[in-house]
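In structure tokens below, several structures.
One chain, chain A, appears in both complexes that follow, with chain B as partner in the first and chain C in the second.
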Partner chain A sequence: MADAHAKHSPLDQFKIQEIMPFNIGGYDVSFTNSSLMMLIVVALVTLFITFSMKKRAMVPGRMQSLAELSYEFVAGMLKENVGSEGRKFFPLVFTLFMFVLFSNLLGMVPTAFTVTSHIAVTFALAMLVFVTVIAVGIAKHGFHFLHLFIPSGIPGWMVPIIFPIEIISFLARPVSLSLRLAVAMMAGHVLLKVVAGFVISLGAATAFIGGIGGVVPLLFISLLIGLEIFVAFLQAYIFALLTTIYLNDAINLH
Partner chain B sequence: MELEVIKYIGAGLMSFGMLGAAIGIGLIFGQASAGVARNPSAQKQIFGTAIIGAVFAELMGLFALVGMLIMLFV
Partner chain C sequence: MADKFDKLSERIKKAKLIRRDAPENIEAGTDDPLTRAQTSMGMRLGIELLAGVITGAIIGYFLDYIFNTMPLFLLIFLLLGAASGFWTVYKLAIKTQSDNKPEQK
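Coming up: the complex of A and B.
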């Protein structure tokens, strides 16, 4: 029983396989299926943006309106949350959004690898945001940046209590940002795999009437795939939204 | 009791953590809908705030889910 479970573990799909083994100074830096998928994602995003905007038509075609839609979506989000100073950070937020969105969506392709289901990848993205926020805050406000950890309007005797709490919650940001994305993607794919397993086992259990029982989870999984595509979009949106909110904290303090 | 059995019971108990996230998200969007019903013109702002709140509530459920998955598969 345990062996059968190990064989069809729903976590198998997240296994990293080496394509080109590579070693530098004792560190394993092989080219894996994860790196291949990331390359594909970056290539696809670049192709999508460059080719859809090639014509620069006054009345946008199908692809161009998609590109404009994604541009305006991120630009509007930045403008709403950060204000006019957020324009500078548009390339960062747009890149993050498109990368996360495309790797989430490409992960939905059957047998494809989901890059964002690994905390190693999402934590790197989150650390990028975190370091940028600190760098921007210190470059803009200098020592004044520490005011971020003291909410305005609290009585003086509360500062020594609030200050460590705010520092801890600030340090927890990259963890929560990366964990949310990775776990949401992983949970969705595990769920799909488990329900897909139900199709097989229910079909086999009702083999005497032609495996008709497998139809029920099959319908269910079709709905779930729709839900997962929605979640893929939502998580990319949340990642970009939280990035803008953190940037807003660093730029405008509070 | 066998260790294997305890593992599965623990995973089941761990998944109760997701109940809290479910209640939280339900409350957040319920209140957001009530707010929109009272003031439809503020819909955009209300749902923006609600989604941020739901994100934080969801994270707590995801923590429970990670604990459960670790217990089951690692």
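Coming up: the complex of A and C.
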């Protein structure tokens, strides 16, 4: 019973399973289902971009316009938020956007593992952005970068109060960036699993009339899947958007 | 060839008309960039408050761990973290307000 219960837990889908146990210097660096999924995501993104752009047609076909659409989407976002100097960071933002988007969408495939539901993965992505922003800011402005923590037009006596608050709010950026993505993906997938459980339990409870009760949650779950796909896009968009906004802070100090 | 393009442009025109006239498009305003921006804004705010508190707690706990002064820095930085969360949201709200003004006319 305990075994059966564990098998149907809505959190079971987030379990990391080792595929190839591996150990380096006492650290567990096994190849897991999470790593496999990330490799699949990277391979799919690469295949998608290379093959859809292979023809380089003047009038794009369906796949090519999808690739061009995603390119222009990210390029437009960078141009709008950072300006012409943002072009240098297009590869970074585009890679992040495609990786998050494909992980989110592939997570919607039944029995697939959702990489972005793990805070370890999203926090690593967020730290990448965070470190890049600091490196760019210091390389571009040097010591002047600290002015980021002093809002413009603030009276002098308020600086000692605002300065620590600004620093904490700057340090909170990777936390909020990673938390938002992981929480949204995890909550959605748990909800899907729970409602899917209702289909079975309500169907079994109304077995005397042919399990008709299961239809209601079944309809609900089809709506939820649509919503989840929307959230998958939205979260990838927000992640990329915030990356550009943070980059803008570092490049164009107020 | 020209005939084909004519047909295509007619089809595009028709598709555009249907999209604009569809009541669910007008009501939900899915095509409106402002609504999309507001949706993403709303998703940001809640987590931003939480992230401030969590960051404050982590820093405070760390300092206490180093200096062995258990609740002191944790309490101070929890409050500072909460303040920074509100500060972030406040700045965001001010920024969105000034961003939206020229568009409203």
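Just so we're on the same page, the second predicted complex is superposed on the first by the 247 of 254 C-alpha atoms of A that agree within 3 Å, B and C clash if a C-alpha of one lies under 4 Å from a C-alpha of the other, contacts with A are read in each partner's own complex, and residues count from 1 in each chain.
Keep in mind that, in the parts below, a contact is a pair of C-beta atoms (placed from the backbone, for glycine too) under 8 Å apart; a residue touches a chain by one contact, two chains touch by 3 or more.
What you see is a predicted model; the values in this text were computed from it and never measured.
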Side-by-side fit of chain B and chain C on chain A, or clash: clash
Partner chain in contact with A:238 - chain B first, chain C second, else both or neither: both
First, second, both or neither for A:135, with chain B first and chain C second: neither
Partner chain(s) touched by A:11 [first = chain B, second = chain C, both, neither]: first
When both partners are placed on the shared chain, which of chain B and chain C touches more of chain A: C
Partner chain(s) touched by A:183 [first = chain B, second = chain C, both, neither]: both
Shared chain A contacts, counted only where both chain B and chain C touch the same residue: 176, 179-180, 183-184, 238, 241-242
Sites on chain C touched by chain A in the complex: 39-40, 43-44, 47-48, 50-52, 54-56, 59, 77, 80-81, 83-85, 87-88, 91
In the complex, chain B residues that touch chain A: 48, 51-52, 55, 58-59, 62-63, 65-66, 69, 73
In the complex, chain A residues that touch chain C: 151, 162, 164-166, 168-169, 171-173, 175-176, 179-180, 183-184, 234-235, 237-238, 241-242
Of all residues in chain A, those that touch chain B in their complex: 9, 11, 80, 176, 179-180, 183-184, 186-187, 190, 238, 241-242, 245
